[in-house]
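Here it is: the structure, laid out below.
Chain naming follows the written order as A, B, C, D and E, and within any one chain the residues start at number 1.
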Amino acid sequence: MDKNFAARRRRDLIVAGALATLAALAPLFVKDVYVQNILILTLMYAALSQSWNILSGYCGQISLGHALYFGIGAYTTELLFTKFGVLPWFGMLAGGGIAALIAMGLGYPFFRLRGHYFVIATIVIAEIGLLLFQNWEWAGAAMGITIPVRGDSWLKFQFLRSKLPYFYFALGLCCLAWFVTWWLEDSKWGFWWRAVKDNPEAAESLGVVVFNSKMGAAAVSAFLVAVGGAFYAQFLAYIDPESVMGFQFSLLMALPAVLGGIGTLWGPVLGAAILIPMTELTRSYIGGSGRGVDLIVYGALIVAISLALPQGLVSLFSRAKAKNQVKNQVKGATR
Amino acid sequence: MTALLETRGVWQRFGGLVANSDVSISVGRGEIVGLIGPNGAGKSTLFNLIAGVLPPTQGSIWFDGEDVTNLPAAERCQRGVGRTFQVVKSFETMTVIDNVIVGALVRNTVMREARGKAHEVLEFTGLAARADVLASDLVPAEKRRLEVARALATEPKLLLLDEVLTGLTPTEAQTGVALVRKVRDAGITVLMVEHVMEIVMPLVDRAIVLDLGKVLVEGKPADVVRDPKVIKAYLGDRHAVGA
Amino acid sequence: MGLLYGLIAVGLALIFGLMDVTNFAHGEFLMIAMYLSFFLFAFFAIDPLLSAPLVAAAMFVFGAVVYLLIVRFAMRAKTNAGMVQIFTTFGLAIVMRGLAQFFFTPDYRSIPQSWLGGKTISFAGIFLPEPQLVGALVSIAAFAGLYFFIHRTDFGRALEATREDPGAVALVGIDKNRVFAFGWGLGAGLVGLAGAIMAVFFYIYPDVGASFALIAYVTVALGGFGSVFGAFAGGIIVGLVEAVTALMLPPSLKSVGIYAVYLLVVFIRPRGLFGSM
Amino acid sequence: MTISRRDVLLGATATAALVPLAARAQTSEVVIGVIYPFSGGSAQQGVDAQKAYETALEVINKDTDFDLPLAKGEGLPGLGGAKVRLVFADHQADPQKGRAEAERLITQEKVSAIIGTYQSAVAVTVSQICERYQIPFVSADNSSPSLHRRGLKYYFRAAPHDEMYSAAMFDFFDALKKKGTKIETLALFHEDTIFGTDSGNAQAKIAGERGYKIVSDIKYRANSPSLSAEVQQLKTANADVLMPSSYTTDGILLVKTMAELGYKPNAIVAQDAGFSEKALYDAVGDKLEGVISRGTFSLDLAQKRPMVGKINEMFKARSGKDFNDLTSRQFMGLIILADAISRAKSTDGEKIRDALAATDIPGEQTIMPWKRVKFDEMGQNNDADPVLLQYVGGKFVTIFPPQAAIAEAIWPMK
Amino acid sequence: MLSVHEITTAYQGLVAISAVSVEVTKGEIVCVAGANGAGKSTLLKSIAGAERPRSGTVTFDGKRLNGMAQHHITAAGIAYVPENRRLFPRLSVRDNLRLGSYLYRGEADREGPLDLVFELFPRLSERLDQRAETLSGGEQQMLAIGRALMTRPRLLMLDEPSQGIMPKLVDEIFQAVLRIRDAGMTVLIVEQRMAECLEIADRAYILQTGRVLMQGPAAEIKGNPDVRKAYLGL
């Protein structure tokens, strides 16, 4: 059994490595910038969703306010860059750090809340953040911040036409988020989080410090999301509160994980790989009609997937595994 | 040598309701102590106080020679208090082995060691064949055993068992009894709540009867079941004879 | 205004709070109700005040059908039922918006004239716009009715029981789907009432629900899930806080006041003001 | 009304859906990208814009007898009569999506130029992308002054921006004051988006320069569920003039709330947007008798220039609406852009840019009351004179500047 | 009265009971016993409609039950008290009982059986306004049986009524079962405490790994040496 387990872990790593390599080679074949753009967004949302999944999927604290951390990452990076000339690379880390600190600060009061009360509190806090930025003159308020793009530069992480550097960064971020999840999954923290999600009281009785576990998950999750936000800001070269802190980001971070399989290693990646291209393509190719058909298709797909596969798309893959499990059960029952 | 566990004049009130009043009990090292009493006598509350789910309104709790009254549950677990829940609280979305690993992580921070420990405990409790099954797919009796396994994985000095033998046929219960004995033989002190007198009385070294939040009687099982106060409050006439 | 929030929230309180089903399409229910009211006015010249019961009835059917066709299945999920509900109803909301745009066009509509529109009662220097006054009265009546319904009728009891344990009501011969379909119908019907009154003084377009939905959620949570009276009180508090914040802060920040009060309340009372769950 | 519109729309859907499969642009065809919100809260503007562009397309591609550039003859004479084809894209008011669509249009659809976008925030990113790909971007209807001040080479705006509009308003106030009307205090009411903020800032700045007192400056959250508290404050301030900068939705709510709370200002001078929308007047027209809005277009120009009326009829046939401030700008924007492409005799971005920079169209050859169309080095047309219109008896009448006015302002409004 | 004919029920791909047949005659107390996982609870669930049998038939007074929705089966006269009782924890004792008579809400005297419930379990009448969740385990079991009686069943099915209950109350509950039978109802009971159960039962079935191992009059089963060894631990 131990062997099985180790083999599964190794197999996950190998599959991920293969996928990452495949993805890294994709630009050799995909020259179309529009498609590249979709790939970048897909990778970015996969990374964001993977990060969201740490807190909400593994630790069970459903947050619909992660746009706050996304926005903080974006704003920290760009404010530091435009006001103080700090390179985005440092801004990114600073943004991540600040987001993690805020997540922990918010954790103190928030983690006492349960269920809907918690979810609504996360929505509300992100909304407050949005309103504050919308009215914060120094940070550009509603006008946002336009990032001066002066030509290709790795140092400033900006590129005029080439999407490749962004692509590789997004890929890297996605791999990082995946790897962090993979690593945490078989660590004390990973076990603690899942225990806290399933039954905090029992977890506490087994020596799990529930509160600290939640804090840890929140910090890791917020940090990664903020780095994603910083990336998005650099990628877009323009930010305003609505476009980096709006509620839609919170949803878009959660959706891939939910569709793919919440609290699973592969769910977010799988969900993003299907959802994001679908969103983009329905908008691009049927959105121009002005008749809302794209919305109908998009919404109906979400409903259909939620209803048909409540465990997410990964459950399709685990069918085979489930069969094995039944076999084990039979063995166990007839023992 | 001091007792492993001692409660000194413990009170617990919930609003106007008094769940425990002035409960002082002690459990010595290596003992199996049975805690019995009518439903609602405050047994579960006392368990929760000992496990640290909530602090007592008044009084103190001493474990292993130290005052642990104000320590949270997780900290008490680290010091060696393991417990099961009357209403089974497995981690439903995790497999059996993963459930046990959570417990094992208290003493083993290296994953490989924790996993090894968990396998060991599953063997010990006879759940090894079910290691990779989701906890939600276990039948109730297995879930109770999982509760015990999980608590054992924390390598406790004191194990609090809350109705783990409930709902078993007499034969099955015998296996359970054997397991509890095995646990004690491994050097773990056991404090257990149980209703099925036929099973629990031969097993325990000492029985404590709670009624209306107070200690009613305490002593050797044979004496306890003959105590008229116990018969009146708890056993009813028939069982007094039966036991 | 607070009572109007309360009226919008009460339907949600029923679905979200009393049946413990997340409904992210609540704002869209409101939108549909407003359109219904608009079309009844535009084609048959029925004043929104008169059409309110019609709209409520139509919405009742709509809500029940939505439950039976979609939500029922979302509730069957064994694991992460919460997320499945959130995203099913969220998807539903998007579909409803799309359909509204498809059939009603994205044009802004509004009802120019009605018996109530634009009339104001001046009372000791305080102006009370009639539509909102009527809204407030309807809202109070709706709350009273719902309160009575939940606490004094067998059906209300059955609803509570079904929320507590949907699997167990069959043990006493209750069909949970009928109870919940009725509950959803009632919730949607109440939103229908709100929509009809809103239509008098608000503009109507496919995305109109979004601005109200969040406030409605906050209102329900502030009052506490599972409490009709809580939603009522929540509505009043939200209205008051909004008015007060608008005086103290730049008006663009007035919602911050509402949100802050929500956070404050749940930090002190994690189950809202009157919540039981 | 819906049936005929739906048919038109169906045609558009089919085109839009098939477009990506079509062969890339040949010389016989020039492709122009049109980026608007076609879903979400401002979908109506997108759909209206679509009709305006289709009207312009008809003028360009068919032989029509108007005194407009490209009207006569079919297609673009500079490119041997090549036809213009439009590709519509939906940005859903999201700068990221606008950017992605711009990039898609440029690289996949091979558009020669892009026109858009209604929301200013989206114009920011779309124009950035155009700059990077050296494709001209014509900002048809964005009025935020900050847009052209970013040093972009490929950005062009034929229409006025909010500072020009605001200046016109204050010119108007100054003129009234000379005649003895009392205008001292102003109340600003603007939403918290780029448009509202820019407009509010411009008005505040000019008011300060010209000695008007702002007694209330209210920034409110766009699409609020309620504006009662805000209107209460306006009422308390009771300024001589109320100057709202709001989109349609908030405009409707503002006017209705004002009526409910019994607030009747002396005058409302609006920063266009919602206040030029038919929907607003359909909803609350009776309460807006005498409201003044800035604009760049007025139908009564048809009295002087008959073609304005005829083109308006063409538009009306498609949309069921009259031209308004937005749709007229969109119409004109495409004409100007297509004219430049024709003169560039090329579909190359840089050549079109140069042709645009060299544009000089006299005002008479537009449907707008502008002096002429000529871009400065920042791509802004400073000769696009705004007008002030007053809503009287169910339609707009030009009241300012004097050379365009056909009636005197009614002041106070009721 | 109740006739279960060769039903097979499975969940998650595992067969829990296969081809089990059980007969219950009017006025009987029938006990079903067996080890954990033998399929006793599944049998009751299959009759009550909480699980759908894959094959076989369940008929009650000549009416075929399988395929019917669970609430219709309740309405047909079978009351089922599941193992975990499934009370409405946040509702009062009174409301729990009232919900029991939900099917008769149109009737003037809808709470007819209430007297019987209070007679059987006098302590419930003292706790009418308490929330069900604040009752002790034994009282909850009484309430669950009481609620089931309020549906005016002809057949009452109890799943492990003695589980987790102190000895004194176990007796009370078994006595109550006898009285319920005397009041004209039929009882099908699944029990772990076979000794006590066989004492009050008329007939008994023993299930093992999903099949009927043995059946017959209770006294006979109790005397069977194999049973004594395997199940009674004697």
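Before moving on, here are some points about what is shown:
The criterion applied here is as follows: contacts are C-beta pairs under 8 Å (C-beta built on N, C-alpha and C of every residue); 3 or more make two chains touch, one makes a residue touch a chain.
Everything numeric here is computed off the predicted structure, so don't read it as measured data.
If you take subunit A and subunit D together, the chains in touch with both are C.
Under the touch definition stated at the top, subunit A and subunit E share these contacting partners: B, C. Farthest from subunit B, judged by the mean position of CA atoms in each chain, is D.
The greatest centre-to-centre distance from subunit E, using averaged C-alpha positions, is reached by D.
In terms of their C-alpha centroids, the spacing between subunit A and subunit C amounts to 31 Å. In whole angstrom, the spacing between the mean C-alpha positions of subunit B and subunit D is 76. Distance between chain centres (mean CA atoms), subunit C to subunit D: 37 Å.
Annotation: 42 Å between the Cα-based centres of subunit A and subunit B. Among all residues of subunit D, those that touch two or more other chains are 39, 43, 46-47, 192, 219, 221.
Residues of subunit C in contact with two or more other chains: 79, 98, 101, 106, 206, 250, 252-253, 255, 277.
Shown for subunit B are the residues that touch two or more other chains, namely 93, 137.
Across the interface of their complex, subunit B is touched by residues 1-2, 4-5, 186-188, 191-192, 194-195, 197-199, 201-210, 263, 325, 328-329, 331-332, 335 of subunit A. Residues 16, 22, 70, 73-74, 77-84, 86-88, 90-102, 106, 206, 214, 217-218, 221, 225, 250, 252-253, 255-256, 259-260, 262-263, 266-267, 270-272, 277 of subunit C are the ones touching subunit A in the complex. Of all residues in subunit B, those touching subunit A in their complex are 51, 53, 72-74, 77-78, 82-83, 85, 89-94, 97-98, 101-103, 105-106, 109, 111, 114-116, 119, 129-134, 137, 150-151, 153-154.
The touching residues of subunit E, when paired with subunit C in their complex, are 48-50, 69-75, 79-82, 86-91, 95, 98-100, 102-103, 105, 147-148, 150-151. Those residues of subunit A lying in contact with subunit C across their complex are 62, 109, 112-117, 120-121, 123-125, 127-128, 131-132, 134-135, 247, 251, 254-255, 258-259, 262-263, 290-304, 306-307, 310-311.
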